[in-house]
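Some notes on the structure that comes next.
So that you can tell them apart, the chains are marked A, B, C and D in the order they are listed, and the count of residues begins at 1 in each.
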Amino acid sequence: MSTGQSLSRKLALVLLLWVCAFTLPWTIQASLCVVLIIARYAVLPLRPITPRSAKAFSRFILYSIAVATFIILLNGLLIKEGAVAAKVFGIPLHKEGLLFGARTASRLLLLSFSILLFFVSTSLPDLIEHLQTKGLPPYLALVLLLTLHFLDQLPARIHQIFLAQQARGAPVDSGLLSRTKALFSILSPLVLSSIVESIERGTALELRGFLQRPQVARVIKRSESETDWLTISLILLALAVLIYRIVQWLIA
Amino acid sequence: MSFSIRQRITDEMSGAALPFVAFCIALNLTAGQITAALKIPLYLDSIGTILVAVLVGPWSAVICGSAANLLAAALGNPSMIFFIPVVVVIGAFTGFLARRGWFRKWYLVAIGGVLQGILAAIASAPISAYLFSGVMMAGTDFLVLYFRSVGNTILNSVLYQGLTSDPADKLVSYFIVFFLVKNLPQRLISRLRGASNLRAPDSTT
Amino acid sequence: MADRIVIQSFSLQYSATTPGVLSSVSLDIPSGTCCAILGPTGAGKSSLLQCLAGTMQRHHPESVASGTIQIGERLFEALPSHVLFPSVGYALQDPHVQISGVRDTVFGEILFTLENTGEVPDEPAAVILPLLRKLGIDHLADRKPTSLSGGETQRVALATILVAQPPVLLLDEPTTAMDLAAQEKLRGILRGMKQSTTIVLTDTQLDFALGICDQIVVLEQGKVLFDGTPAAFLRRLDEFHTSLPLENWLPLRQQILRLLDQPSRLGSRLALTLGLK
Amino acid sequence: MSIELRNVSFSYAGDRPVLRDVSFSAEQGGFLLIIGQNGVGKSTLLKLLNGILKPTSGQVLVNGVNTATQPTSRLAKEICVTFQNPADQIFASTIRAEVEFGPRNLRRKNVDQLVDDALVLCGLDALASHHPYDLPSAQRKLLTVASAIASGAPYLAFDEPSAGLSQIERSVFEGLLTALKKEDRGMIVVSHDLALLLPYATAVLILARGEMIYYGNAEVVTQQDGLIRKAGLRLPLPYRLEKLFGK
């Protein structure tokens, strides 16, 4: 399976899940969230590609539990409709509110998990490369890649600056006020030199002919659009869900 | 129309501006992290967008903001993707103000910052009301909670909360950018499109 | 392949109100030779290179220029309005900036230049690998471009320009922060490509230029103080001690001159060391 | 009063040693020139001087005080280390503010005087209100030197301070070397620039692969070509010519 194919399938899956998030009942959405969490471990192409993204996913599971709990409880508390369904520490929670909360939370989490699952299982440079074959302008692709490069370099830069300022007596290891000042003396060179350097880099790009001739800017072998049945069925399924929902709504 | 938008974007985004926009995206992402780590009650996560809006142009700022939110989602915070419409508003509006020369005088910057805050609050309210019912897992949730408990709808509560906190955030962001831009070496900045936004109109001739 | 550069009574101001950076500079750099433009900070060396590369007009729209620049067949009245790459390759002073960082490998980084010019050959490796071999960095092809040492970065940066085979190569102070061994290596590389490329380099010192260049130009405050062969320069060495660090050279001047005039074994060895032969 | 390294070795956690058994002492009023190929551990050595790094074994003594027991912010009062890249430290929007940073942090009493003197020494007094990034890179380099001088520290250490300087800045630099010697400051300089600095050096330390292969007076270096070669370096062209003529 080519990277492009796997990416198209995942994008189609995200589309389907987003359609579900706005159409299906919340119980199905909540179960889909659980399915997604299981899929992260069970389905090979959906596994996180780096330890960092695996950690991000685990962290988000915890975060999502907290968000869901808060959304459900707060709405149960604040929307005073329907019978009192439960009492927490003597505070009454209403049925309609809890249901509203559950609907909101499952929708939010389904949307979020589908995005996150897509990103943790995808290498960003690969994604950008793929999007470029699908017509993403080269300068946008370059901006995204450069951003990743900057983020990559940032810790080392900060360390260098930290050393240089420390050597000039910046009080990095005492009191809160002076630490704030020291923070300033580290962030300023970072921003200043990064801006200066980024403009120099831009000049270097121009000097290597980037965007000189927009019409031939990048000769990318456009991948032959092979028909991938899984991608197509996912998209069709999304359409079906949408149509079903619209019909249901028209009848009602 | 689509041609002219594309044309305008490529006009702004000369080779010289690209790495600068990229740096500003990285700045958006890290500024948010730093304020979160230091527990400063501001987001400041649109500083990069504002910087691009002033020094390059509105279209690039829209791209900068959107890309930052997309990358934030990719790096583990998926809900940022829902707020792309908000950063589009911020980028476009700030770019518009900068073109009108609002970043030349401090009082215009102040007014602009507040206006921007109000706009951002209006743009983000429907999103956080509908998708999150106002629960953003942040300190500002208490405000929403308060407004809702005194009988406002979710949308209104989120809007009121936004109107109390966003103008301050954007005001601070605007001033940071204002002073930052003032303290940048003018010789280099002149390589960017929007540098003329900062000069007094009489000196551009 | 290589292009001749002719500059005629060229003057430049960054804006109509500021003093001139270059004033009626006239130079003739024959194709396939190497010219070193020497002079102190602020002499206008970099500005001249920026004019030749075509970035001056873009970065300083208010600049005012007069005179002509001819590169190969192309004649420009005052400044070229656009970047002349790949007809002119310009390596910036800081090689780290030259490497975009958007590709994972040195190979990809160099391929990126070809993509920009829109002339990607069917077999890019057939073009890129021989170039890397020539620069002595073929073992780095699969390395991450940001993990290299200073000297390696410099050669990779050079490769990102050379891959487009520019007929003219401009080098802005290439030896800053290079130790002498690394300078020797760079000199060897430049010597090897002189036939196919006209090289113009700037420097603040004499040492690197000797042994590689065919022509020395001394620039000070935007004016050409000297334009001639290295041998002719050595004859007039003492005139330039305020513009160039020559204190180590001046005591040797008499001996150099004496030996240059009489053909002896020592003389030819000296001429070889200084690149006068 | 001196900076002394006693049998110092250093390795980054778990890695093979960067420096092995280095010993020297630098006096006030002296000029120690450290030479060696790129990546030989010269920058690590500088970071040991002000306690940013602590030796894995051996001792670094700054005026008799062991760096292992002191924070860098305290040691910075005695020795000011300046790294190679000016962009790592420049943060202010004027030259003056930039130079003031050090002495203010170190709570010197006569900040204005220190700053004025340093600016004059480095020929930047007329440019005091300019933006650092509006200067040519050679002058930005001198700015970092001015910052170090203004710190008021009795010892100054530099990494390649003369890289990229043209004749104008080089003569300024030579002037300030003489002035600093008169002030009895101690200099420790890592550099390739033998042509400029060798005449001022009172002692030379040659590093090769993390080891000290020579430590002693400067004259020997120009006379014994083998020493320089052993370190993987070459003498500047004029020195080599001088030898050629001598034969």
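Following the convention adopted for this analysis, a contact is a pair of C-beta atoms (placed from the backbone, for glycine too) under 8 Å apart; a residue touches a chain by one contact, two chains touch by 3 or more.
These numbers were taken from a predicted model, which means no experiment stands behind them.
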Going by the contact definition above, tell me which chain pair has the most C-beta pairs touching. A-B
Of the other chains, whose C-alpha centre is the longest way from the centre of chain D? A
Which integer distance in Å separates the CA centroid of chain A from that of chain D? 47
Mind checking the centre-to-centre distance between chain B and chain C? Centres are C-alpha means, answer in whole Å. 43
Between chain C and chain D, what distance separates the C-alpha centroids? Give it in angstrom. 30
Where in chain A do residues touch two or more of the other chains? 142, 146, 149, 192, 196-197, 200-201, 203, 205-206, 210-211
Where chain B touches two or more other chains simultaneously, the residues are 14, 16, 183-185, 188, 191
In chain D, which residues are in touch with two or more of the other chains? 133
Over in the complex, which chain C residues touch chain B? Could you list them? 58-61
What does chain D use to touch chain A in their complex? 47, 50, 52, 71-73, 76-77, 80-83, 85, 87-92, 101-102, 105-106, 133, 147, 151
Given the complex, residues on chain B that touch chain A span 6, 10, 13-23, 25-27, 29-30, 63, 67, 71, 73-76, 78-79, 81-82, 131-133, 135, 137, 141, 145, 148-149, 180, 183-185, 188-189, 191-192
Flag every residue of chain B that touches chain C in the complex, lowest number first. 14, 16, 190-191
Spell out the part of chain D that touches chain B in their complex, as residue ranges. 93, 131-134
